[in-house]
Every structure is written in structure tokens, then in C-alpha cells.
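Each structure below appears as C-alpha cells.
Two complexes come next, and they have one chain in common, chain A, joined by chain B in the first and chain C in the second.
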Partner chain A sequence: MKPLFINGASCISPQPTFGTEFPFEAKEYTGSRLSCIEPDYAPYIDPKLSRRMGRLLKYGTTAGLQALRDAGIQVPDAISTGTGFGLLDDSGKFLKNVIEAGEGVVSPTAFIQSTHNTVSSNIALAIGCHAHNNTFAHKGFSFESALVDAQMLATEDDKMANILVGAYDEVTDYSYQIMQRLGLIRSGGESNTELLKTTGRGTIAGEGAAFFVLSTQKAENTYATYRGCKLIYKPSSAQTLSEAIEAFLAGHGLDRSEASVLSGVCGDDRRDTILRAINEGLFKGNTVLAYKHLCGEYMTSSAFGMWAAVNILRTRGVPEYMLLSGTPSCPQHILICNSYKNDYSLILLSVA
Partner chain B sequence: MEELMQTLKGQIVEQLNLQHIKPEDIGDDQPLFIEGLGLDSIDALELIVLLQQKYGIKLANPSEGPTVFKTVRSIAEYITAHKAA
Partner chain C sequence: MKSPIYIAGIGIISAIGDNAAETLAHLTASETGVSGMEILPSAYAGTLPVAEVKYTNAQLAAKSGLEPWQTRTAQLSMIAAREAKENSKIDFSKWRCGFISANTVGGMDRTEDFMKDFLADASSGDLHDVINHDSGDATEIVAEKLGCTDYITTISTACSSSANAMMYGARLIQNDIVDVIVAGGTDALSRFTLNGFKSLMILDEQLCQPFDENRRGLNLGEGAGYVVLVSQRVLDSEQVKPLAILSGYANANDAYHQTASSPEGNGNYAAMTGALAMARLTPAQIDYINLHGTGTPNNDVSEGTAIRRVFGDTPPVMSSTKAYTGHTLGASAGIEGVISVLALQHGVVFPNLRHQTQMKELAFGPQTSLLKRPLAHVLSNSFGFGGNCSSVIFSKS
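Presenting the complex of A and B:
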């Protein structure tokens, strides 16, 4: 594939990632649920329109529009997004209304907003973009599928110059309760900064939206080069994943010693086994970073990871609070090794 | 009628989530759509739901919509006429 340049990036998350300089000052939380720090939406969304929008629609749309502004692009050639659950809160509201109204007439707004593709559609409406517009809802592969979509579009269509790619998810009261009941959430009241330093069952729930403009031409403000992405479903062992990682790196002319790693460990012993074995085995001696203690765990959290990675590559600095092992040296290449349950993915980024 | 119009204004603000408008800001004869409050077609659907849920009135003929939902007064008159019926 031809390399793509990340010329715009934006992220709204539980951390002060929007409208601040990187590295941001990490915010510490107590408890097992991280919610987004919401910005003032007025510069991005007409208040007449935002009155109907749920929280995720507002922060997803704003992150997408800001990524375009960051890249100096008014209308991209395509929009491709990923989401695990879509607009979960509106889906819940709509279903609750249906029950309360005895399956009678219900308010249309929550229903209209409850589809997974509402954010990408809303961005397209806001900027008058009639081009390719896809939303992937593939659990832990949702964001990665959007990246692969963009990669294929750029490869197959020479006219494709700028593609807006992003991902978004939210945690709601109801989804959080379900995750607690399933034993997916840590029960203690510890700080999020301690999540990856301690062992235990469960992780912390998170949410966020991150968007990128992937362009075929390098610009003055290019963050990093996007080299490629690989999806690996249910690797049978750490050895299987190690081999896949080495083959992926070799395919891009890299040896395992050349890449710093941004690991998607989430703090749940049951789910981190393979990634921890990779960090301590294949990448022993490398700089290994982590991000899920900052944004929480959700199906598209790798988009937050990618936002952090491209900023590290541009600023040439590694924040101490992201360091899992090794030294905080300036990386030339970052390999994001993520997992969400059985969905493992690799995203390779390099200095532009 | 006056009391019904005041109640309706509060219900409209709540149902349509008109964040920057207070019920008392809405005039009895102020147009609700386009040049007035600037409501749109989705708001019209919300108002139909409001009539059904709060007053048990179903708008039988959709073509009546523009007349019924023109102002707060026209909605109140429609409710009064149909509740009496």
C-alpha cells in the first residue's frame, strides 16, 4: 500500500485532549468509569441542532469537524468511521419510550439518533459531503475496519486525497451496570493511574471519540505516517501473535527491535495474558507504552491510542504517565498492539 | 384557554428541548415554524406525539398539521375542540 499521512487529528476523551497541547496533563480519576470532558460545542454545532443531539453525537461530530479544521480540509473525499455500540444512550431511550408508551406513538428523535452511523452522517450533513460514507460496527475491530477501508480507498482510487477516519463510543448508566454485572469492571475504588500497576479482575469503563485526516500528500503539519493495519482474530497463543507481529513488521521492512510498542493492556488479568506475554517476551527491552488507564476500555479505544501515538511521533516526546516498561526514548516507529476480548489488531505508524 | 396555552408552552419547551427559550418567551400567536421559533419537520412529529401522549388526541388528517401547529393558540383551540368532542 502507499503510505498515508496523518494531516489532522482530534480527540475528545476523559483526558484534557481537546484544545490543549500534547502532552496533556493527565487527569486522575477514582472509580471504574471514565466520562469524556466535554468542550463547548457552540463553535462546531448550531445550538438549534444540538438541542436534539445526545452526548455522543455532539462529541463525535465535534471531534470529526475539528480534525478537518486541523488539516485545513473543508470537505474530505470520504468519511469512514467505526463504533462498537453506536449511540447507545439514544437506543436505550428509544426502547424505554416504546415500553412506556405500550408500543404506541413515541418521540422520533431518539429513534432517529439511535443508528450506528449517526455521527458520520451528521458530519457529512454539517459540511455538505456527499462522498463515500461508511460506518463499521465490528466490536473490537470497528476502528481498524475504518482504517482498512480508508487504506483501500486510497489505494484503489487515485482521486482520493483526504479521508476522514474516526471512531467513537460512549458508556451509559445502563451499559455500565451491565458490564458490572458481567464482572468486566473492577470493583475497588482505586485510581485509574494504578490500573496497570496492579493485578486484578476487570477493567475501567471508558469512552471517547478520535478522528484523523489521512491524506496521500504530506503537509506542513503532518503528525505521522500511517503504514498499515492488521486484524487478528482469536490468536491461539502469544507465540501465534508474536509470529504475526514479526511478519507484519517484516512486511514493512522493520525488525521487532525498531518499534516502540503502544500496548492495549486493560488491567484485567483474564484479558491481558497474551499482550503481557508479548510485552515481556517479543518486545523485552523495547519501549512499551500503554493508554487504557487514561481513556478506559471500550471497543474503539485504539483510536485514542492512535491519537496519542501520532502526537508522540510529532512532538518527539513520550509522557511518563504512558510508560509501561523501558525508557521514554523518542520513537521512530510505534506499533499499536490492541486487543478487545478476542479481537487483536496491529497499527503501524512512523515519523513523517 | 389562557391556562391551557401556558401549559402548552411549557410542554413544547420540554418536549422539543428548546434550551435557550423559556415558556414565557413564546407568544400566543407567534408562528412556531420557519420564521417564528424556527421549528422543523421533526419538531412537527414531536408535537403530534405530544398531543397524543398528553391529551389523548390523534391527528386524524395529516394535512391539518400546518393549520393546527401554526401557533400555540391554534394548538390550544384544536385541543379544546377535540377534547369537547
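Presenting the complex of A and C:
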């Protein structure tokens, strides 16, 4: 499938990634729950409307609209997005209302907003976009499925010039409490900067929204080239994944020594086994970067990773705080190797 | 469309049967699946009719082979997807196989049990009931059982979800990412969705009457429907005959309102014309429209208006089968896709049940009696919240 140019990018996250210059000044957190730094929504959403909107609907919509502005595009030719849990806070709120009312009279607002496709359709509504509009809700494949959707669209239809792709998730009081009970969260009060330096059980919970305009034509503002994405379900071993990575890179004319790696390790030894083995095996000697200590772990965190990666490729500089191993040299190619439980994915990006 | 995509198998479970044969029998006999609530433990049992699959979770588990604590969404998915796989007669082990499923509720049917205890005390509630909450969970459980792990994903675009799953699956084959795709959707009834639609005041307290002047709203249903999609290469190699061709499809957005459709049916119009263009068909070549036809005042007038814009005042015969299956949300396009294939295979248009009075905004109405005639092309519409509108065309192979 044909490579695409990333001509617009935007990210709202627990880091100062929105309306700032890259590299941003990394914010340090103690505690195991990272929440988005919310911007002023007024330049993006009519305050009369945003008053009734949930947090994720606001920051998801804003990130999407800003990516379009960044690319100088008013209406894209398609919108494709991913979300692991959808609008979890509204789902929880509506469920609570129903239970507390004993299934009596409840307001429909939270129910309307709880649908997974609310952000994607709200963006379409805001800009009057009648084109292809998709929402994937599949754990660690949510964002990746949208990337594949976009690349297929661009390959199938010559008229596709600009496609808005993004992903978004939120952590809520309920989901955080449940993750704690499931033993998925670190218990200590350590700094997020220590997450990947120490081994332990559990990760830190995160959230965020990142959007991109993927275009068929290069522009002045182009961040990077998007080459392709591969979804790999439950690789049986690090060896299996190594082989899949080498085949994927070879398919794009690259050798493993040529790519810097942006690794999706999350700090939980039980979940990082395969990715750590890849970093220390297949990519021994390569520059290996990481991002989940910055945004926390969530199903669509690879979109945060991609936002950081395209900025690295554009600015030709690697922030020290992302370096896991190797030297902070300017990469030509970044391979994002992510995993969320059973879902492993590869995203390849190159200097435009 | 670059190369044709064929439907090699179908599978379905809903209130009108556990498989394709039972579904066809009930459709042909005009027997509805909408009735009083017996399975869903809701305060609305006795007042709101639903189209339930009349099995408890334990009974479903005995059929699906999954664990009884796994979600109803997964149980329904497993039963229908397995039927589709077996019906296809294709040896999945020889091919790169994927599973593209759709749903809107995920494991909500279990989460709502959990939440009751959890809200009272955050350290209580059985975690088993909540670990399958996200929409992708049922998809992974079933994909593993089917042996379709080369590409797995879940689409959630409200009521058009499983139409988009079929399209995505077809495109994955055309782009040579996989060879065989099982695509469709599943959704279980839950108190969450029942109360949600109730709060929107679009549920009918009687049996729904799609496309009727005096329609009052929809009845919710549950179930799952899947098709097996393959290329010509797979058909030739496996020496199997296809059931139908997936000849056209389109995904468009109404961009009008989060829950209501535009009066002109702009999204619906764009979806239908887009699907016709891809199939290289003129409107006159469509023999039957399987309507989205939910029975809500807003949907049916919007859809009818869009049909008039595409087909004029003498459109093809049409019917909504939601009077049989209820509105199964994320599963509806999968279920209606299977019903459309059955219509093509058997040369039959299923009547739109309970239609009494012509809608005053339209010059045409739905087919109200069983019609037997050869069909070449069937258009299936699915329109959802968020303005997500999708149409799919199934053609005789």
C-alpha cells in the first residue's frame, strides 16, 4: 500500500503536548494515575455545547480539530478513529443513574455520549464531513485498525487526499479502582520517570487523544512519512515476534539495524517480557526509546507514541527523557513496537 | 471494486432462530420474535416487549462451548460465527484468516451486574463480571475459537457497526492482508441499552410497526449475524460455490445530529448512492431493499425520503425485518446481511409485519405479504447514532 505523509498532528495528554513546542518539557508525576492536561476548549467547541460534554468528548474532539487546523485542512476525505473503552465516564455515569433510579426516569445525555463513535461523529458534525467515518473499539488494535483503514482508503481511491486518523481513551474513577483491584497498577508512590527503570508488577494508568492528518501529497508542514502498520495477535514467543518484525521491515526495504525503536514497554514485568526481549535481542545496539512513562498505559497509547515519533522525525532530535537504551542519535526511521496484553503492533515511520 | 468478494457462508442467531434454517422458516411463516421479556432481569419486564434469544446464559454457554460467566455478547457471537464458518465448507487452516466483529455493548450485560455491588462498596463486585467489558473482548475470544487470528478487530459505529465490519473485511481481502474473513456483529440485550433507548423515548411499548404512519418506536433485540468473505482465488482452490457476491458498499455520515437523522436523509442517500456506484448498478436494478426500518418516527421518514431521492416514487419492493428480530443494534447489519443473502438464495421477499397504514410523507410502502420471485440484487441499509450511515449490496452469484 502507498506511503502517506503526516501533514498534521495534535495530542492532548498528561504531558504538555498541546500548543507547545516539541520537545515538550516533561512533567513529573508521583502516583499511578495520569490525567490529561486539558486545554481551553473555547477555540474549538462552542461553550454552550461543551458544557454538556464529557471530558473525553471534549479533548478527543479538540485534538481532532486541531490536527486538521495544523494541516490546513477544513474537511478531510475520511475520518477513522480508535478507542479501547470509548466514552467510559459517560457509560459509568449512565449506568449509575439507571441503577440508582431503579430503572426509573433518567436523562439520556450520558447514554447518547456513551456510544463509542461519539468523538468521530462529533468531529464530522462540527465540520460538516459527510465522508467515510469509522470507529474501531478493539483493545490494543483500536488505533492500528484505523491506520490500516486509512492506508487502504488511500490505496483504493485516487480521490482520497487527506484522512483524519486518531485515537482516544480516558481513565475514570471507576476504571482506575477496578484496575487497582485487578493488580494492573503499581502500588508505590514512585515518580513516573522511574517506571521503566525499575522492574515491578503493574503499570501506571494513563489517557489521552492524538490525531493525525494522513495525506497523499507532501506539504511544507509534513512531519514524517507513514509507511505501514502490522497487527500481530498473541505472538507465541519473542522469536516469533522477531521474525514478524524482520519480515515487516524487509517488506519496506529496511534492515533491523536501520530503524530506531519506540518501545511500548509499560513497566509491568509480566506484560513486558516479549518487548524487553526484542529490545535486548533483535534491536541490541539500536537506539531504543519509550513513551508509556510519559502518558501512562492505555489501550490506544500507541497514538501518543506515534505523535512523539513524528515530532522526533521532524525536529531531528530525541528528547533525553524518552531514551531507554543506545544513543540519542537522529533516526531516519522509527519503528513503534507496541503491545497491550495480547495485541502487538508495529508502526513504521520515516523522515519525509 | 477491484476484485469481487464472495460470501461463502452465513451464520445467524436471533429471536427467530438459532441458525439460518430456523431464521428462514420463521421469516417465511411471518412469525415474529418480539414478545414479553423473560431473560433480561429488568424492571421493564411486563411493559416493554423485546426480541430475546430465549436462552439463559448457561443455556447459551452449553451451545457455544464458552464458559457460562463469559458475556452474552460473546456467546451469541460464537454460535453465529461458528455456523458461518461451518457453512462455508472452507478449510480455514490453509489460509490467512481474520475475524472482524462489531458490537456496541461489549460486556455490558455482565458489567451492570458488577456495578450494582461496586457502587455500594468499591471493594465488592465479582471481577469476573467486568474483565470482559470492552468491545474487543468478545471478538478475541471468538477469533481464537474460530482460528481466525491473522487479523482481529472490532468496529463500533452504533447501529451501522456490522455493515462497516463487512466492508472492512472485504477491503482487507482486496488489499491482500488476509484471504478469508468472518465479518458481522453481535449484541446482547442489556439494561444499559434498554434504559438508554427508553430515556430517548423511542421504544414502542407495543409490537413495533416499521414504516407505518402510526409507528411509535422500536423494539430492542439481540443476536449475532456473520458472513464468510473470500476472494475468487479461495473459492477456486477450495472448489466451493459462493452463496452471493458482496457487490457494493458505502459508509457515509449524515453530520446532522448525534442521535437524529436529517429530514432529507442525506447520510442515507450518500450511503445508498455510494453502494450503487461501487456495484455499477442503476437504482432500477435493485430488486429488494432490506430497510433499516427501526419503527421510530424519525428514522423511517428520513430513510423513506432518501429512498425517494434515489429511486423515485416507484422504488423496488422493500421491507424491514426488525418487526421479527427487533433492533439488534451493532448486530443488525450482520443479521440483515444474512437475511438478505437468504432472500437472494431462495428468491423471496419477507413481508414487513404489522404494517397497517401508509405513511403520508411517502408515495410507497413496504411489502406486506410473502413475495416469491427471483432476485438479483438486494440492498441492505443500516443507519446509526452519530450519523453513521452504511449500505451494502448483495448480488446473486
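What we mean here is this: the second predicted complex is superposed on the first by the 352 of 352 C-alpha atoms of A that agree within 3 Å, B and C clash if a C-alpha of one lies under 4 Å from a C-alpha of the other, contacts with A are read in each partner's own complex, and residues count from 1 in each chain.
Here is the rule we use: contacts are C-beta pairs under 8 Å (C-beta built on N, C-alpha and C of every residue); 3 or more make two chains touch, one makes a residue touch a chain.
In this text the structure is predicted, and so the values were computed from the model without any measurement.
Overlaying the two complexes via chain A leaves chain B and chain C side by side, clear of any clash.
When the two complexes are laid over each other on chain A, the CA centres of chain B and chain C sit 60 degrees apart as seen from the CA centre of chain A, to the nearest 10. Once the two complexes are overlaid on the shared chain, A:Met152 sits against chain C while remaining clear of chain B. Ranked by how many residues of chain A each touches, chain B and chain C are led by C.
Once the two complexes are laid over each other on the shared chain, residue contacts for A:Thr115 go to chain C alone; chain B is not touched. Of the two partner chains placed by superposition, chain B and chain C are both touched by A:Ser107. Legend: residue contacts after superposition of the two complexes on their common chain; A:Arg52 is shown touching chain B, with no touch to chain C. Applying the stated contact rule after C-alpha superposition, one finds that A:Ala9 touches neither chain B nor chain C.
Once the two complexes are laid over each other on the shared chain, residue contacts for A:Leu262 go to neither chain B nor chain C.
Between chain B and chain C the least C-alpha distance in the superposed model amounts to 8 Å. Annotation: chain A residues 104-108, 112 touch chain B in one complex and chain C in the other. Residues 1, 79, 84-86, 91-92, 94-96, 98-100, 102-108, 111-118, 120-122, 124-125, 127-139, 141-142, 145, 148-149, 152, 155-156, 174, 177-178, 181-182, 231, 233-234, 299, 342 of chain A touch chain C in their complex. The part of chain B that touches chain A in the complex is made up of residues 15-20, 38, 42, 45-46, 48-49, 52-53. Against chain B, the residues of chain A that register as touching in their complex are 47-48, 51-52, 101, 104-109, 112.
Those residues of chain C that touch chain A in the complex are listed here as 2, 42-44, 104, 106, 108, 111-112, 115-116, 118-119, 122-123, 127, 130-131, 133-137, 139-140, 143, 149-158, 164, 168, 171-172, 174-175, 177, 191-192, 195-196, 199-200, 251-259, 266-267, 270, 384-388.
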